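Below you'll find the structure, written out as structure tokens, and then a few comments.
We just call them A, B, C and D in the order they show up, numbering each chain from 1.
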Amino acid sequence: MLSSEEGHQYRAVVKEGDLVVIYIDDKRKKLVRVRRGDIFNSDKGYVRHDELIGIEIGDKVRLSTGKYAYVLNPLLTDIIDSYKRVTQVIYPKDIGLMIVLTGIGPGSKVLEGGVGTGYLTSFLANIVGDEGKVYAYELRREFIEVAKRNLSKSGLLSRVILKLGDIRKDVTEKNLDAAFLDIPDPWNALGILPKVLKPSSPVVAFLPTVNQVIKLISKLKSTRGFIDIRVFETQLREYNVDPEALRPKPIYVVHTGYMVFFRVVKK
Amino acid sequence: MLSSEEGHQYRAVVKEGDLVVIYIDDKRKKLVRVRRGDIFNSDKGYVRHDELIGIEIGDKVRLSTGKYAYVLNPLLTDIIDSYKRVTQVIYPKDIGLMIVLTGIGPGSKVLEGGVGTGYLTSFLANIVGDEGKVYAYELRREFIEVAKRNLSKSGLLSRVILKLGDIRKDVTEKNLDAAFLDIPDPWNALGILPKVLKPSSPVVAFLPTVNQVIKLISKLKSTRGFIDIRVFETQLREYNVDPEALRPKPIYVVHTGYMVFFRVVKK
Amino acid sequence: MLSSEEGHQYRAVVKEGDLVVIYIDDKRKKLVRVRRGDIFNSDKGYVRHDELIGIEIGDKVRLSTGKYAYVLNPLLTDIIDSYKRVTQVIYPKDIGLMIVLTGIGPGSKVLEGGVGTGYLTSFLANIVGDEGKVYAYELRREFIEVAKRNLSKSGLLSRVILKLGDIRKDVTEKNLDAAFLDIPDPWNALGILPKVLKPSSPVVAFLPTVNQVIKLISKLKSTRGFIDIRVFETQLREYNVDPEALRPKPIYVVHTGYMVFFRVVKK
Amino acid sequence: MLSSEEGHQYRAVVKEGDLVVIYIDDKRKKLVRVRRGDIFNSDKGYVRHDELIGIEIGDKVRLSTGKYAYVLNPLLTDIIDSYKRVTQVIYPKDIGLMIVLTGIGPGSKVLEGGVGTGYLTSFLANIVGDEGKVYAYELRREFIEVAKRNLSKSGLLSRVILKLGDIRKDVTEKNLDAAFLDIPDPWNALGILPKVLKPSSPVVAFLPTVNQVIKLISKLKSTRGFIDIRVFETQLREYNVDPEALRPKPIYVVHTGYMVFFRVVKK
């Protein structure tokens, strides 16, 4: 699925340098880079990485205590969830809806404003594939470095053009298929969108507060060239996986942000 | 993005036979196949399709009343939402989460059980791209035909192998990357999954009732070879797009179904 | 529970003039005033009111078709739900929280602004009892009449002082225990509250849009004498009552309004 | 409102022994019993209780640092939230709906099963008033003592008959108006309800898991004498009170339990 040697590409047998998930139980699940000489430790026992090498993915390995652990191929979320994060508000529940609403897929060329640590960037890069590209703008140099490391870990860096710059004015690309804005003032980026996107392309802005939503839709409605405006919010509930006592987890994330969708047309 | 002549591929200029969206306002937005001699009618006026041909996507066209309409490239959801549906419970909010949780992308080979009219199938086909494939099983012959027409309309049919058969026992594929089950009794399909999926691959079952969730997780927990079980439910709120009076739409879909995620390992 | 002959007071045996609920099944449940000579009709058969008189509450009565119906004492909600409504946004889910947050009870004297058809008024009147009082202000004379009829039907009219007037300036009461504001511009009523309420008393304003919430909390925070400001929103899900297929009803009311709670202190 | 000297009765001037709320800001709000010689301490300064005595409710008092604090009459929730709790799942959002659905009010005689620390009991006692009564059954002697102390603190003890006993078989009361069941197996209490409640009276059972809901509604539907069965769930969102950045609090309680409502009729 990925051309790179890194990341979440499937391998049938564990090799030195691979990323794998060691799964003991739901509370003990960890992403590990396999390195000869290293030891995987847990409160249920340890195992030498040397013993992992050559194991078939999906097989069990025996811990020092006699307990077993499964060796799994990492899913994209396993790797992305391991990112060192400085900030983070967009969640999988939101990203999934963004992908579906904009209809991006293999080959799509997309614009992203506000890279942060590359969380959304990674999901977009996974979807656009080797034929597509994510043009990702970020103002703060330190985030560019973090995002680079994170994307590298996921094996997705080759699909992303990370740019230190201001999405409100510095974008030079043309004919992109969609835009994703995770910046505090997307209303200041409206002017550049028609120059960058193919006519009629979709945009989604992610905004934590209702004040920002009001400001953005007010600007969109009073400016020519923006239509099909919609505002969404997703909520996710996760359940305790107990067939004798099924119930939602009592305390959970109930708010990340609002999504404003719109399309850019000619004025 | 698509190799086919059909579907949601972007074209800069409207040609005979294209699918376009005619957008007058949020209440008047329609998917149209451009045919010489046809007329697009609305309560805001009509326009001859002949006048649409040659128009640049994103441009306005003048209706008979003097009012204007935008001509848009259809997004994937525009086409899929136009499907003739017989049944439908999975919504974009759910499909987005399924895509993100399983981490499928370009090149993925996936199994789908319960095609129905091809709604979920289309989103999966969009994500796996021309290098990937959706192996889609359906018991009822009449649905196969409907799904075929729908996928053809979206230009995605070449990425889908539609099979008349029982996913509980008839699957012959090997080494698939993920499975999506939209059947009433996924517990009866557990036996076949380890033979079909690469070890450690993810599965998502979509279930409308809590009784089904209880039955499935009970079976998963008592059967060897299924781990990392999680249960989710998404809720979507859409807001009235009025910057002077922002509020959620009062009446909305509040329940579609629950999603049970798990991974298949060796016994 | 009520001093009046009307309303939702419990009676063990049905008499001429009583309000009762005729319950055939969940879809056939109706509030009826028992009048000699009248007939209760349904698609499951009819019964003469004369046959209801003398029946014990909770007993069955035989319909013309041989099917049975239960004769129930109406609960407060049965009567209130039968009100002829012109407008209505506050729902039981909201009213319950308002009652709990303000802590009103028997003997409370409360202010209500924006009576409408008396929906909230009735619930408040039920809680304050014969020792308490609801001072209810309404600007539109026609609503006063509707509310009067509705409160009379519930047997709660004696606990309510309906006033044709502007809650923003016309309130003459003193030493009230709590205020409930269901008006579009509660920020214009802030000036009168300290004169009307006992110091440190609670207020709840009900507001359909986020713009109103922003405006009210902005005014509250910039004006002396208002503290302990909190903003809430409730959501209700109702489930299909099927033990074999338990699931939330798919389409439901997802938004009524926001509640802003605060307390009035000395400046 | 209350006959007792204790609890949440309103007093205009602070006296020795009163319960008051000292409010500095939203994060510093505390219920305090005023005792000569005691000191109220906070990270914003202290104040001697002697200085509180004689202060008018709603007035400010000066802390040692020069900062001010308001002295408030406690609302019922202020006192109840201060209860020493051992267990607790029912929340105000649920209790409010229970009160509205059952229509209880001043003078109501109600049954409660599963007292715990008296949280729900206190809200019920507030609503039924001095003319009403809560008959509250609890199996564990230690909870009876805790509930007694808590109800005493709220000034509501005289309205509650606390009974050490099993609601499934020990109830001796007759002609009650409503029942509230917070026990793990309400299906075992169904037999006693028709003997205890007035015919056609409402019952609400509170249940944390869907398995319990399924079991209860299954029993209710297969047993004669129980009708008008409904299942509800409430969700509460609280917003950050910032007029420049209004948004729901990100992490919150998303699940407490389900409520099953029904009415008891003659068999």
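What we mean here is this: contacts are C-beta pairs under 8 Å (C-beta built on N, C-alpha and C of every residue); 3 or more make two chains touch, one makes a residue touch a chain.
From a predicted model like this one, the values you see are computed outputs, not experimental measurements.
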item	value
Superposition of chain A upon chain B: rotation angle, C-alpha, nearest 5 degrees	180
Interface numbering overlap (same over half, different under half) for chain A and chain D	same
Most distant chain from chain B by Cα centroid	D
Computed distance of Cα centres, chain D from chain C, in Å	21
Between chain A and chain C, centroid-to-centroid distance (C-alpha), Å	47
Separation of mean Cα positions, chain D and chain A [Å, integer]	44
Contacts with 2+ other chains: residues of chain D	210-211, 214, 237, 246, 248
Residues of chain B defined as touching chain D within the complex	210-211, 214
Contact set on chain B toward chain A in their complex	1, 8, 10, 12, 21, 23, 26, 29, 56-60, 70-73, 75-77, 92-93, 95-103, 105-108, 123, 126-131, 177, 198-202, 210, 213-215, 217-218, 221, 227-243, 246, 248, 258, 263-266
Residues on chain B engaged by chain C in the complex (per definition of touch)	208-211, 237, 244-257
